[in-house]
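Here come two complexes built around chain A, the first alongside chain B, the second alongside chain C.
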Partner chain A sequence: MSPRAPSLTRRMLSALTAPAFALLIALTVTTALLAAVGASPGRAYLTMLDFGLRPDSLVSAVNRSTIYFFAGLAVAVAFRMKLFNIGVEGQYRVAALFAAVVGASVNLPGPLHLAVVGLVAVLAGALWAGIAAVLKVWRGVSEVLSTLLLNYVATAVIAYLLADFFAAGSASGSTPELPPSARLPELDGLVSLFGLSLPPGAHLGGAALGAVVLGVAVHLMLTRTRYGYDLKASGLNPAAAHVHGIEPRRMILLTMLVSGGLAGLAGLPDLLGNTYSYGVDFPSGAGFTGIAVAMLGRNTPVGIALSALLFGFLERSALILDIQGLPKEIVTIMQGVIVISVVGAHEVVRRMEVRRAARLMREESVPVVTPEPVRPAT
Partner chain B sequence: MTMKTPRGRLLAVLILLLAMSAVRTFTGADALTGSGAMGAALRLSVPIGLAALSGLWSERAGVVNLGIEGMMIIGTVCGAWAGHFYGVWAGVLAGALGGVIAGLLHAVVTVTFGVDQVVCGIAVNILAVGVARFLSVIAFSGLPGAGATQSPPVTGAIGTVSMPFLAGGWGTPDLLGRLEQSRWFLLSDVSGILRGFLHEVSWFTVLAVALIPVSFVVLWKTAFGLRLRSVGEHPAAADSLGVPVQRMRYYGVLVSGGLAGLGGAYLVTVSSTIYREGQTGGRGFIGLAAMIFGNWRPAGTAGGALLFGYADALQLREPSAVHVLLLLAAVLLWAAAIIFLRRRPRLLLTLALLGAAAFVLFQSTDSVPTQLIYATPYLVTLLVLVTVAQRLRMPACAGIPYRRGGA
Partner chain C sequence: MSRLVTLCLVLCSLAACTAVNPAPGRNGAAADSAVAVGVAYSRGGRGDKSFNDSVGSAVDRAKAELGVSVKELSPNSAGSDLEEVLRLLAETGHNPVLAVGFFYAQPLAKIAPAFPRTRFVIIDDATVKLPNVTNVVFREEQASYLVGVAAALKSRTGRIGFIGGVQTPPQQKFLAGYAAGARATNPKIRLSSVFMSQPPDFSGFSAPDKAQEAARGMYDSGADVVYHAAGASGIGVFQAAKAAGKWAIGVDVDQRKTVDQGLSQVILTSATKKLDVAVLRIIQEAVQGKSISGLREFGLKEDGVGYATSGGGLTDVEPRLEEIRKKIISGGITVPVVP
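The block that comes next holds the complex of A and B.
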């Protein structure tokens, strides 16, 4: 009486059902909204697609998605053991600030300079997340609350450091600009390999390559290492994991540091490929989008990459809507609806599978004695 | 803890007042207990307090609500729209209704579908930002004095009320005002604080303050409240006694949404007269912090909101007075250390050291950087979490979806 494993196609289908369902709901909601304000939904979608699929739009979407990919990975790693890192927002901004300051103050040859800047970002992000980890391990403070509160503390600390130290003399309120050796190379050659020619001004940032490498590394870490196994075990059944010698306090500490380090990278695509300095107007908000991206991507690197690309594509293609007099925030609504419906759909699918498994168990076992009285259907 | 008995509470209030007037007299920072600062503190703490009550209702019913910020945002945009077209009180009602609708979404997703409550709360926030912008573009962009991110002013204003005889309401003498001017130790300070709470208070503020005892009575003194709280503490036990778990959770989240929406409506009708994008400024999250600070109880929650409002008011009205707060913190921490002298030596040491740190900071600096003042509420909450996290008691099953039979 071996347990019947679902076939590969069935597994694939069930993995794709929820996102497809979520997209459908999101499209329905936005279609209804667009129709309600008297716009033609079909035309809006077609213009969005038309604009979004232009080569420069695609490149811009990919650049944008690398930020979400790093933020999403940070959330996902922590969520593997049911830790909520809501502080990615603060972590990546603190990290970007310190990376900008250190990057501008040292002078090193190209690749080494980049490596130092990256390392500083990872360390700063990890340290900021480490505060929440220490509070949880030492005093039992819920990481949901502490990371959330630390986001606001980060905003204040960054404003203070910028005003009084790092940008004290600058008129623009930014840190000094990074030298060329600390900037990410552009990968336009890679684009032409695909037969796309970029219009002037559009460049594929080097962060895309970094995202691919890091995605593979995180995938291997999660699936092929002892740490990845411990992480999964701690998330699925903390009590059993503890009994098997996985020290929960060590795991919490380590995981928040890894998560914060990954979060630290989320500021780099903008810092090293776009703004080259950290100022009050540094792009923010990617931390919260990262949570949505991680949820949509089911906390796996491949899923997160796909959902980050989707979010990047949606945001880029929405820009055309403003020109047409339609609020581009329809895309923010779409993102919110997608996240809610994808987690909802997964919950429904999970329950169906639990019920199916229970039915299979009943059918395969010989019903001689029922060990429990039959429950009324709920 | 001493705060649990009525005598202990009285003692705590007395120590607080004594410390405040001593520090005020010593430093000459009159804003510390002035009625102006107190009135501003009350006004600033109302939206935070409403958000905190919102969190209280939801979490007591066993649903963690991180979407309060989003529900407030919906409250601001709905409140401004109805306030402009149908008058200011219609705006209040519409704000609350908008919050209820956002709460309904949270309830359907978390209670009926059993989705993770933290995830849903964050999704509600993302969604609300988009919806608010979308609605404001549609509703306001054509109107004079408005744009895609800003509404026209609401029609009319909510009146204010002053306590007669004590704070000069209805042409009666302003007794507390006169006492405040005389600058006597303690007496003037108490008068200043009381006058701040009684002089020219918006009717909306009166309503919001009244909601605190109302929440207490409903949640702790009625059968409905007992059922609602039982669903947050032990849903399976409540279920076995015939309490409709899912329905009670719906009630909790809907009331929560309504309160958050009211908080948003306050921002567009009393704090200002228009809707602006980003107006809520994280107050939904500060409200959650106030609720934790208050240990998931209405009175403590209100105290937390008032504390945050007070820090905010001092920062806005008299930034120099914030520096004096360090001295006040040192005095209060030492007072607390003396109270815990016998019973908890380790806590005593921590408190005394923190007090000394605050004092050294006060002595060695001339002012607190304004950017860091902004972090005060969050740091205070973190400090509370660190020092008394084990003594805080959140509802036992808040955050855990309930399914009959556990599937």
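The block that comes next holds the complex of A and C.
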């Protein structure tokens, strides 16, 4: 155990260094911007903290973050094998539409009803992502392009299906409401366990529990299964993986389906815990936020959970800025800077570690072949 | 490397320095004035040159004429914090709170009962029925019916067009009324319609280039009157009409009077809507403490919507339009709201 322990601590430290750098840079940039527009950065941050740490704010941040967590996981699984699923946005909206339609048209006892709705969402999300997978595997179309463009196709298809079929004749432009058996329970009891009391109308959505369970499941899938190993191998070196018998086309297809299936879940916290129907007013944008969340979380379930919580917290606290006459756009800027700098910071940290390793090797007087690698040639 | 760390430390301490220096802030806008109006705009907020801006101009007038303080909030672009925006306005003592757009229907139904002493006004929605909620609804379909009749009477080819902004239920009312009016006048009329964007893409109200392209297509295929309900995109329709030498129909205000001289002569009429008058009146009533709950309809009867006659393009058909207008007011004609 003892030889392994320090390396684990160091691994965790290095995993945290890049995001910490990124946060620091983001904070610096927003501080400068706030000062530049004549607003007091101190007041902005304190106001945000003050408001963001209220019990109802925390609950709202968690509710938001479950959505981002699912979306982030979807992006991350694909990214593990260097597949860019930019289409989570369209996948989760298509999934939510079909989940809403099927959920409202069948009548089943509680848990079974929820399971059916969840399954429909996963299947619909997977199928929509599958289009891009099929295009890539058989026609060589870059998934970056196809998934991105399929978002627009999704918007048009959803508008057509809503207007002409699922919400035809409805004055609100929405599908019929889900019956109570298809709604997620609220976890307000859990909140009071923490000694927090919520104002009327604020609830902790049941999806939070689902997110924890799913997070553990995905973690196990990535680290303890053959598929998880194949995924990592294909991402690190597709050619070597192929030589070792990992069929790349099968992996691409499977991974896009898994990614799309996870994406399908991203619409459920809202559908089953908030709106209970899919309409033109269904919240959007989580798919794109999910990309940022996955990047910040370094594609691991724990990292994604933390970054989803951060994004949820930031968005919730942004609300108070407007009321105080402070520019709430700084939160969007902050999120953007975090994502850009986490990519840069990770590279800096990687180089630091290369040097550190080289120094250790020198100290142990092991001959070092490449002491200062600025950048690997390949 | 150490330089980088130092730099970061310096920046960090800078951030920390400013962070411990809070300026004394105003605590809640409500304390400043007796009446603090809260306004929650639709996605896009002010500056959309369409719906939000129309309400915004009424809000500005209320500020100037009634001396009330106003706090205006916009939701995030994802539309995921509508409920929180309303709650925040109510929580900070704003009363009345205006919810601009039907998107607020569901959030408002959840929030309003929690703030029984706050008066909420929702625009473009009649579904939320609560004692402290006023529903302001415009009967745009009635005005659209009349301009549909006008389009059918004026069309020589028997083909007309409709260009909508964003495909939402309030927008469908325009199309529904227009189509019904045109078909009632000429059952054989051929109507082509298109919306510039679908939610969650709300760019359709500010895409004159796309609207121009769409209108050109309609004129090219034989349409000779095109009605737009697309906010700032409408300019593109007028440009296409000018190029084709055909008619266009404006929306919201008498656009013949608001667009450039060069374009105004293509505008046959406009389906008007007195949004600003209505919003100002509602705010005024709320400020005076009048009870304002329930449905407030602004249709032809209330002179909340209508059609413009400037320019004289409609002179020959005006008697017929007036006759139909009266029939709608008396209930002799019921205009559909869903196409």
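Just so it is clear, the second predicted complex is superposed on the first by the 343 of 378 C-alpha atoms of A that agree within 3 Å, B and C clash if a C-alpha of one lies under 4 Å from a C-alpha of the other, contacts with A are read in each partner's own complex, and residues count from 1 in each chain.
Criterion: a contact is a pair of C-beta atoms (placed from the backbone, for glycine too) under 8 Å apart; a residue touches a chain by one contact, two chains touch by 3 or more.
Computed from a predicted model, the values in this text were never measured in an experiment.
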>> Once both complexes are superposed via chain A, do chain B and chain C end up clashing or fitting?
In response: clash
> Which holds for A:Thr155: it touches chain B only (first), chain C only (second), both, or neither?
Replying inline: both
> Touch check for A:Leu23: first (chain B), second (chain C), both, or neither?
Replying inline: neither
> Given the touch rule stated above, what does A:Ala163 touch, chain B (first), chain C (second), both, or neither?
Replying inline: both
> Touching A:Val137 in the superposition: chain B (first), chain C (second), both, neither?
Replying inline: neither
>> According to the stated criteria, A:Val37 is in contact with first (chain B), second (chain C), both, or neither; which is it?
In response: first
>> Is A:Pro327 touching anything from chain B or chain C once the two structures are fitted on A? First, second, both or neither.
In response: first
> Which of the two partners, first being chain B and second being chain C, lies in contact with A:Arg64: first, second, both, or neither?
Replying inline: second
> Taking the superposition as given, does A:Phe84 touch the first partner, chain B, the second, chain C, both, or neither?
Replying inline: first
>> On the A-aligned overlay, A:Met221 touches which partner chain: chain B = first, chain C = second, or both, or neither?
In response: neither
>> In the superposed model, only one of 9-17, 135-143 or 207-215 in chain C has C-alpha atoms clashing with chain B. Which one?
In response: 207-215
> Considering each complex separately, which residues of chain A are in contact with chain B in the first and with chain C in the second?
Replying inline: 155-156, 159, 163, 289, 348, 355
> Which residues, counting only chain A, touch chain B once they are in their complex?
Replying inline: 33, 37, 84, 86, 135, 139-142, 144-146, 148-150, 152-153, 155-157, 159-160, 163-164, 288-289, 291-292, 295, 327, 329-337, 339-340, 343-344, 347-348, 351, 354-355, 358, 375, 378
>> Residue numbers of chain C touching chain A in their complex, please.
In response: 1, 4, 8, 11-12, 14-15, 18-23, 25-26, 28-29, 71, 73-74, 76-81, 84-85, 87-89, 92, 102-103, 105-106, 110-111, 114, 127, 167-169, 172, 198-201, 337-338
> Contact residues on chain B for chain A in the complex?
Replying inline: 64, 66, 105, 109, 113-116, 118-120, 122-131, 133-134, 137-138, 148, 282, 285, 288-289, 292, 369, 371-375, 377-379, 381-382, 385-386, 389-390, 403-405, 407
>> List the residues on chain A that touch chain C in their complex, please.
In response: 21, 24-25, 27-28, 31, 35, 40-43, 45-47, 60, 64, 67, 93, 155-156, 158-159, 163, 169-173, 199-201, 270, 275, 280-286, 289, 315-316, 318-320, 322-325, 348, 352, 355
